[in-house]
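Here's a structure for you.
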Amino acid sequence: MKVSNLKKYYTVRDCFFAKRKILTAVDNVSLAVGRRETLGIVGESGCGKSTLARCLVSLEKTTSGQIQFDGVELTTAGREELRQLRRNLQIVFQDPYAALNPLRTVGESIIEPLLNYHPGDSRELEEKAEQLLTVVGLKPEYKNRYPHQFSGGQLQRVNIARALALKPALVVCDEAVSNLDSIVKTQIVDLLLRLQDEFNMSYIFITHDLHVVRRIADRVAVMLGGKIVEVLPAGELAAAIHPYTRYLLSATLSGDPCKRRQRQKGTQPAGPAGRYGTAMSGCALQHRCPELCEQCRVEEPLLKTIGSIHQVACHLNG
Amino acid sequence: GCGGKPASAPANTTLKVGWDFEMPIADPVKSGYFLVRSGIMETLVAVDFDGKLVPGLALEWQAIGTTAWKFTLRPNVKFHDGSLMTAKSVKLAVERFAETAKTIPLDSIEIVSDHEILIKTRKPVVALPAYLATPEASIYGEKAMVDGKFTNLIGTGPYKFIQVAQDKSIVTEGFTEYWKGAPQIKQVINRHYPDAQTRFMALQSGEVDFIRNVLPANAKLLQGKAGYQVAVSPVGRVRVIYFNTEQAGLADREVRLAINHALDREAIVKDVLGGYSKAAAGMFPDNLPWGNPAIKAGEHSVATARNLLDKAGWVDNGSGIREKQGKKLELNLITYSSRPELPDIALVVQAQLAAVGIKLNIQVADIGAVEKAMASKNFDMVLVARGLAFTPDPSIAFEDFRSTSMSKYRPNYVNKELDSLLEGALRETDPAKRQADYYQAQEIIDKEIPAIFLNYYVHVDAYKKTLRNFRIHPTEAHVLTSDLQFQ
Amino acid sequence: MALVVEDLRTYYFQADKVIPAVDGVSFSVLPEKTVCLVGESGCGKSAVALSLLGLIEPPGKIVAGRVSLDGRDLLAMPPEELRLLRGQDISIVFQNSRYSLNPSLTIGIQLAETVLSHNEVSRSAAKEMAVDVLRRVRLPEPAQLCDRYPFELSGGMHQRVMIAMALLLKPRYLIADEPTSALDITTQTHILDELMELKEQYGAGMLFITHDLAVVAEIADEVAVMKQGKIVEYGSVFEVFQNPAHPYTRQLLQSV
Amino acid sequence: MKQNLWSRYWQRLKHDKAGICGLMILLVFAGMALTAPYLSLHDPLAVQLGAKLQNPSAQYPFGTDHLGRCIFSRVVYGAQVSLAAAGIVLGSVLVISLPVGMFSGYTGGMADQIFMRIVDTVLAFPLLILALAIAGFLGAGLVNVMLALAAVWWVGYARIVRGLTLAAKEKDFVMAAKAAGTKTIPILYQHILPHVLGTVIVLATLDMGKLIMAVAGLSFLGLGAQPPTPEWGSMLNDGRPYFQAAPHVMLFPGLAIATVVLSCNLFGDALRDALNPQGMTE
Amino acid sequence: MAKEGEARVMPVNFFIHRGISFIILLFGISLVAFGLMALVPGDTPEMVLTSIGVEAPPETVEALRQQLQLDDPVYIRYGRWLSRALHLDLGISYRTGLPVVEELGSRLAATVQLTLASLAFALLFSVPLGVLTALYPKTWLDLIGRITVLTGSSIPNFWLGLLLAYVFGVRLQWLPIAGAGGWEGLILPAATLGFGMLAAYTRLLRGSMLDALSQGFIRVGRAKGLKEKWLIGRHALRYALLPVLTWFGISIGQLLGGSVVVETLFSWPGLGRFAVESIQGRDYPVIQGYVLFSALAVVTVNVVVDCLYSCLDPRIRLGGGREP
């Protein structure tokens, strides 16, 4: 998959009679994911990751830009063409409850993609559903339950099962494991990796969990304010140079009760996150970057390649 | 207690009337019938209870030659606005009537004197006084017209129009300077109750003192109840079945005659109409002076009917329906539902004809569809209730049977003899000869049976016993008369 | 003075069987203390949270147990009293945050109504409180955000709105069901700081449900490990992290 | 999953006593319609002036009407006409309006705009007048009246369906279905329809009675079932003159209509609940 | 964070959009209103004459035909009619001879009064009943509430009206039968009409309330300690009102026309009855006028409903973000 200059705007209004304003959720994003590759996307909450994900699978009209998948341009593809592509392009939604039809059993939801492309014997499909449920660590008899009878993590796994049903070439996972306990999370990540090996699958993996990113991703893209500000190999996360990425890394919790962070009382931690209102020029991080320079305020930094795959958008460290 | 009741008049002299039909308050050339019924307006020529023409606002009239009539007006008749009725105002009203109604080929109206006018026509109009007795020819004051438009209701009748109340009821007051003398009733509130049941309930609950058109079943309920009086008034209307005499089976007179014998008129009167009617003998009821007394009601005899049909070649091969040359004797009857008794009568007719082996299919439509069917001659039988006396002259009723007339209820029957007879009568000025012609025409119709007259209409009204002097004209024109009063 | 849960049992009654989502759970949350509830997905953590506030809906039912807040039995309380208590004394952040906001009311209204239904304050004061609390959870431009509708927000923003709502009245006890699962780490640490401040400044007790053991290590005083409706291990955070007694706990800790 | 979506609804429906009651009554009426020739005691069309307006008796369980016809037999036969007419109209209304409304709402765009303008235009006209005009144009007769009613009635449904579709299509699970590669038609059928159906069923069951009455109303104007066809609405109308004198003439056809409408509604409510699994799994 | 700027891709203004479709709609309505009459059987001039009680000779019919300019091509007649209609001249009633606008206008108030009163009646009972039956589903309260409401509206209009009139007018003599004059006269017709709507609104509301109550935000509301009344009223009811509102918009036309029976029964001087009388009397100018009139009313009400709708559902107002 190759994405170039993708943009997505929303119009919002503060009150009924106010003028509409344009909100740029995704701004000029270009990225590429190869076969059998996993691209991790991390970034601040609200920076446009989910919007990007929805655009990538063509569930949301993009404002501009191109998305190529398997050599086909998604933004201009016809309805049926798109549908055929979706066999190889699946998504796991961020909100597991909303993404399941409350009037259907999860079993039905899981086999829905199968039914669409390989309609077959209902007995077979049922077995398949049970099998998928087992794979994601749920009991097969859960297939007859309704979404409201599940816990959050269970639903998330149902969503994963649905996305994997077709063994697609690319799965976009929007915080697919955030509600899972570490054991199950590990299992699911292992599962995903195994499937990748087996079927040459690719993932776009959106998450906040840096551990997971390290384990699963080949490359990591860091998003900020609708833009990608850094791309680097997952193994070299430590070598990140964009201030925001570094900040993310430093904020990691120790995981040991004895090494608790000392809370800096009274200090305003790292400034207000981004802006949501007035137009802004310059770097998205300008209000909280420790190493701000004059250029950062006026000019928007562009993504520059500095290593073989390492790219970064920063005036100071580029 | 209901609103819309102006506080002034004392209750015992206020008459509240529940009407059955709409009460348009407008130009009398359009809504004259209500204006006359409610006693707001009057015509030059009036009709008495026997259906005869009598002086109204005109004292007398007289034909001058064949195309002119002289009318002498009643002196000292006052309009509701206090002005005196003059020849000029009469001329105005009659001219407008002739213009819209187009039944009178008016040439001119000359004002001979203050009390005399001369109405000249382009063609002889024998029944001109009768035409002028129709409510549309009501007389109104000059001030009624503003800028060539009828705007003010200024009549001469016993009740003077006051206003249309908020609830669309029409308020009138007794006119103290009425030429026959001031009426006893001080105020009348006319209200329209389109639904017969609620109208009846309004009487029961005391909301109104008098209602028109009571359903037979309800009239029975009132009978013997203290405090109420049911008035049964025969009027000039007949329920009639018209045949399309060009339709296969019905072209045969024997078949029509058989149908006539198959019908049990008395049963219909008794069981469908609750006795509030009278089996018909010919076209005109007794209370109109035009009927031929020699004509008797068709005799009910199933045997005769069967014989006639057998003779005509229609035989029953066991299916219950008679056949002739492989064709079944199956007829359609169209009627309409705005007079609710008609579909019921149709059903009874259906049953009675079934007894002699005729299959009748019923189609209930609205009056428009009935007229359309008759105009396009696309019918076998229609059942309608025909008004005979809106214009108190027999000629109108006979138009149905004159093959060249424009009547919408022509049974598609052509009889040269009848035609020439009726055309002659239209020009006949001698009343006696005219009557003879019409008697003869009735005999022909009775013999040829282009139509079966079933029964005459009887109007059933009900009112509180305290109301006095209530009586209805056969023309249905006068309802609220000046002599009405409470006890 | 504590939020005490004794032998709580919450079952879901299915047509053919009974699902014991919570099956005999006891613990207590003391003021200024944070109890972290961890456990495998689907073990009944959310059910515990709901039971504490008497929010279990049919076909679910609390079949046994006691929940008492400062000695008052929550489950036997008259409705009006319970209502006053909710939100004011004890508040909750739900797991499904997106599903938890009314789609047709603005964020501001949904925050302000919480204030208004407990305190006699003016509308504008309530609004101010709302803006203030949105700022505290690090939502940008809180004043404008008040006029936005839920569908315009991202998943993490939803979650922060829900946290803000729970913090609004400075409750004495806070139940948080995976409140930071959709947040990036920087925002998460900030939110945790904010919660700790609530604890320190107002002496609030907290029941924190999470999967993230790092978070547990960071904030917990006590840890309860749940498995299949039961608490299998319960103790101070140091004990549990250093000497896990139950095999499941050990497994959990190793998996990080 | 062994049973499909719809048969599962039935499983749930079974437990709703009021709904099942309603269904039973409807079935009884349907059975009555089918077995009318065996059930009726007299010829429903036989005019017997001698026996008119009789009170209920052993011979005439519901009494006789103003023409001496057995009301019981007429009610029994009337079930055929009235139920069939209302049912067929309602069925065709649903068959037309569901796909059209869902499609229009789901796909949006120009087609939707045009469709909405047409719907608005039709909706803006008084139902009765439109039906009159159409029936007048097509001619009298029960079938034409049914056609006319269906032609007018579907529009309102289509609009409601469209509105509900608009709301449903914003939900994440519809997106998820699309992402799963589900074609438009199955999305409409499997995801949107169940969400739309609840409200539509409520309305449809309510309209059953309205339709019976509308057929009667048009019959009264001479456009519908022709006398002596025993049709409930017309029977009720025919009984009006005897409202006080012989109340039973109105009572029985009235009760028949009321019972059918009532059971339709109870059944409809049950259906609605069955379509919504939440809060109903006991 | 997302970046924002002034509107660059301004969509067609909401109001312009509405205005244009409004005009198209009116055009469609006028076309249908005019064309409708061509479908009704019966010859106009003859009908006119009959309705004024005159036996029409052919010359007269012809004269009237010319007077009404019925021989012109249809589109010319339509154009003429439309241009007059735009000047609020809808012609003269054949039956009464008064301007149609005047006739309709004088009856409008009565119809509006009756409609509003019956609506108020229906809402007065259906909102609490709908809410209550949804709050306690599958209980006796639910069953009894539903059956009561349903029974009321399962009884055909004209039968119910007669029963009410008989009981309260004739037997008890509490209320006047003719629904005229003061407010007492409004009660019976409004109740009869309202009863018919009661079930529809109650059941719709019950259904959508049940739906609303199963939403997550209700649970959140409880957890926040919102007052139950506020929770039901502000959250659930507001959410539940959407389908009811749609239904209202759709049924307003029926409501205006559906009052015919009740207006006739209670002798209420309203538009519906007048229209039906006009249909029976083939009073074309009145029918056309009425059709236009009620179409306008329906369209207007629907615009209001749309606005209300967008207040209740922000997604519609803001246009959402998603495309199919």
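Some points to look at:
Labels A, B, C, D and E are assigned to the chains in the order they are written; within every chain, residues are numbered from 1.
We take it that a contact is a pair of C-beta atoms (placed from the backbone, for glycine too) under 8 Å apart; a residue touches a chain by one contact, two chains touch by 3 or more.
None of these values were measured; they are calculated from a predicted model.
Path length between chain B and chain C in the chain contact graph, taken as the least number of steps between touching chains: 2. Across D-E and A-D, it is D-E that has more C-beta pairs touching.
Legend note: the chain whose CA centroid lies nearest the centroid of all displayed protein CA atoms is E. Between the Cα centres of chain C and chain E there is a gap of 49 Å. With centres taken as mean Cα positions, chain D sits 43 Å from chain B.
Residue numbers of chain C whose C-beta contacts span two or more other chains: 14, 57, 96, 99, 140, 151-152. Counting partner chains per residue, chain D shows two or more touched chains at residues 170, 175, 178, 240, 243-244, 276, 278-279, 281.
Each of the following residues of chain B touches two or more other chains: 197, 366, 369.
Within the complex formed with chain C, the chain A residues making contact are 10, 12, 14-15, 42-46, 48-51, 94-95, 97-98, 149-154, 156-157, 175, 178-186, 208-211, 247-248, 251-258, 260-261, 263, 269-270, 272-277.
Residues 1-5, 22, 24, 26-27, 29-33, 100-103, 134, 136, 150, 165-169, 191-195, 197-199, 201-202, 204-207, 338, 366-369, 371-372, 375, 390, 396, 399, 406-408 of chain B touch chain E in their complex.
Interface residues of chain A, counted against chain D in their complex, comprise 54, 57, 59, 79, 83-84, 86-87, 90-91, 93, 95, 98-105, 107-109, 111-113, 116-117, 122, 126, 129, 143-144, 146, 148-149, 159, 162, 166. Residues of chain E touching chain D in their complex: 21, 24-25, 28-29, 32-33, 36, 39-41, 137-138, 143, 146-147, 150-151, 153-159, 162, 166, 199-200, 203-204, 206-208, 210-211, 213-214, 242-243, 246-247, 250-251, 253-254, 256-258, 260-261, 272, 275-276, 279, 287, 290-291, 294-296, 298-299, 302, 313, 315-316, 320, 322-324.
Interface of chain C with chain E (complex): residues 53, 55, 57, 79, 83-88, 91-92, 94, 96, 99-106, 110, 113-114, 117-118, 140, 149, 151-152, 162, 165.
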